[in-house]
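Same chain, two partners: chain A is paired with chain B first, then with chain C.
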Partner chain A sequence: MSKGKIQAVAQGGVCGALVWRAEGKWSQRPVHISAGEMGVCSDVYRLRVEWRVVGGLVGALPVQPRQSGQLGLPLHLSPEELSHLLEKGVLELEQETPPDDVITREQETRAAVFGDLWENGFTLTSGLKYGADYLVYQGDPALVHSCFLALVLPWKQPIATLTSLCRVGSKVVKALLLCSVEKGVVQYQTLEWDPIL
Partner chain B sequence: MEQVKENSWLLNHPKLLEMQSYGLGNSAQIQAALLTYLDLTEVKLWGEVKVHSCQDLKIIYLTAREKEESPVRVVVPLPSTEPLSMEHLSRLHSATRREGESAEGRESAVSEEEEVQEGVTLALVGRDSSILYCQMWPGVHLPIS
Partner chain C sequence: RFVHAHTRAVGEEHGSCSVGGVLSVVQSGVCSSNWKDYCRKDPEIVEIVPCRQRPIGSGTGEGGALHVEMLHQMQDSGQAFQEPLAQAALAAMGEKKQDRKLPKGLGEKRLRLEGTPEETEKLHHYLSGQMAAQSAPRATSRRSMSTVRWDLTTQLASVITQKGSHWATHGHTHSGQLVLEPHETLFLMEMGCLEVEIAGGHANLQQVYGTIICDSLTLQEYTVIASLKRSGFVVKRCLVSWLSPNTDSDANSSAGITIDARLELVPSCPLCHPMPPPSSPPLQSLLEVYRPGSKFKKSSPSPPQFRVCVASARDPFPSPSLLSQLAAIQPSSGVTLKWCVVDGPSLTYSTVVPGTIPPPH
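Up next, the complex of A and B:
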């Protein structure tokens, strides 16, 4: 099992970072994370199993390039995942490109929500497919379904899409988790379609 | 010939007049509250449906029981044309459980002896009068299953 910090290539601005290494060395070999994978010295695998950071594989598989059902290296880390792993001392940036000097309140809120849910034992992935910010899992995404659609919101901004998101949540059997930060504390409201009514 | 006003019976509905008597001035929310009241009493056949006002948030809300032995549920009607923020949603739980005003006079929304279901039920009323009911809990509320 490889030890030490995981190396990643930073992307400037709000793009996050890419992790290329597998099995202790830079590799272009196909890497596919599946349930039950054991004993693989892969930084991508370590991030997922040891640090509950899933990221997203964005590369084409050399043996099966003309499909997008299964993707390979590199693993893309979102800005929240990147900042979270840097804070934990897990990542080492191989190559830095100048980041944006201005961090918006939205980025701060997203990072705070990500960190708070992670500290409470949840695993988060992108919720883009459902029109939300995150999918929240109580375990590894390969083993369980997500239980929440998480939406990160400004504290005082009216929520225009509440009705449509409630309907989406009920259709896909997930509760809606509204997240915001107020005076430095992450606040949550859980909404679920009422089956009785 | 005097034209029949089709909606006059609704405008004179006693519960609508009761809701308007609180002087909250939010006609869209009052309309949503009336539709929710009618849905709970006439369609869902819930019992003990009572109207309450919350002066803090300037809204009308309802308390009701699904069945005779069921706990009291707090139902907050919200028109889809007036979305609330996280700040307002977070205040709904405490505001609807504090002392509120009802038609019978100033009293608590629910008495301390009554069993009240956790959270509030949001009744999201669309422009077409369709109602979507969502249960809302403060914090991260894990699913039972």
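Up next, the complex of A and C:
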């Protein structure tokens, strides 16, 4: 196990990977963390604060297991978050069952869009609740609302649900960010719904 | 900024501690009914966190005395934020289940970041609290812990000892042996009710997850099952199979409901029904969900309140034909079908109402 790398588990039945550890050290001290007992911090929060990867907790919270408002470990990483962190050398996989996934064109496009938006300083989470691919934040999702709904689309294919998506975006004060990959470059277009012209 | 004050044993004088201006303790005569009033009289106490029933490290404390840990406002800044860890740790150690509190949220979100150091500190404070809650030990008394042995070939857990009231709605019997299905085993372990033995050794939660979550019970399906069960619903997992073995895929994609494309539910336990031949279409799983507290009899279960079909956000959408076939599974009267889409930790449910045009609201 490499020093400083976070361990993740890729296993059958999981689309992406799971992070379990709640013990680890900050590789660089963030702005102002309390001294003393709080010097040792979790891998899960290192991913969030140092690497802007939020993931999602899917287990029961030890303090109160019979509620779903706040969940506990393990942290689930989506395939894009996983491949991004592997590329950056932050994460290494504890091989339980090596998944032999065929990387589809769609997965490649999603990974490219995720990586490009991340390089531009944004934080991304699932856009499922708004019918989009990603919610794009300019800071930590706990502090600010998302500014865009990102949709990953094939460059040359007609967009089936354009009007309804624009309306959803406008209702929740978010612009629609259309993302496609054309000749290896990520292309962006923003749509904002015009209520009255 | 807060630091929690340690209280002294009952019987000692009320006094003030010299550490950073922190106020101290509870004197004798303060009992559970009046300690709040006592603390409110002190203008410097801003928050009260009830803790144990017995004083820490006291040899002379009287039985039944209340030990109160109070949060006190610091007069000078520079001291680290200890409150979230303290509260979360206290909450985890709380003897009574109702004392166990969740870590605090951040409140209202803004549209844009302020970019101030206070904001970053607020975030770290929040994340520290979250982390303390994640790191709290899963403590359960031995008296309420059941034990099971996981069988890697049958993919079922044989029950060795049974404790607690959840056995009325979990497990079923095979040749006199009570067994738990994979999702039941994992759920009860997450709730802290179960000890699982795998291959002769006691397994921890990560090992049990690694064994149980696999291609036949995906993480997506389990997150839906666990979410429903945490809310108190009774969940039975079933597999969907075609009634007519000669049904081919053309009948499935036709526009209307055809008689030979009826679906039926079979138990998901592999010992309860024979697995279909590999040439037949793959079995989809469906959840039958019963209202919390309903009279659920394992031997003659009543129709569920609703059924849930779990799908991944990354899979193709269902056709209207498939939705209507799933909704028509017998018994269907009074049983609604819910379609649940999962993307990592996010779940969204939609209720499917088949048939004619519904009456407008």
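The rule is short, and it goes like this: the second predicted complex is superposed on the first by the 170 of 197 C-alpha atoms of A that agree within 3 Å, B and C clash if a C-alpha of one lies under 4 Å from a C-alpha of the other, contacts with A are read in each partner's own complex, and residues count from 1 in each chain.
Following the convention adopted for this analysis, contacts are C-beta pairs under 8 Å (C-beta built on N, C-alpha and C of every residue); 3 or more make two chains touch, one makes a residue touch a chain.
If you're wondering where the values come from, they're calculated on a predicted model, not measured in any experiment.
Of the two partners, chain B and chain C, it is C that touches more residues of chain A. Once the two complexes are laid over each other on the shared chain, residue contacts for A:49 go to chain C alone; chain B is not touched.
138, 147 are the residues of chain A that lie in the contact sets of both chain B and chain C, per the superposition on chain A. Across the interface of their complex, chain C is touched by residues 9, 11-16, 18, 20, 22-23, 30-38, 41-42, 44-45, 48-49, 55-74, 76, 78, 96-97, 126, 128-129, 138-140, 142-145, 147, 173 of chain A.
Listing the residues of chain C that touch chain A in their complex gives 80-82, 85, 88, 91-92, 100-103, 106, 109-113, 117, 119-124, 126-128, 130-131, 133-138, 190-192, 205-206, 209-210, 213-220, 223, 226-227, 230-232, 312-314, 341, 343-346, 348. Residues 44, 66, 80, 82-87, 89-90, 121-122, 124, 126, 132-143 of chain B are the ones that touch chain A when the two sit in their complex. For chain A in complex with chain B, the residues that touch the partner chain are 117, 120, 138, 147-148, 153-160, 162-163, 166-167, 175-178, 180, 182, 187-194, 196-197.
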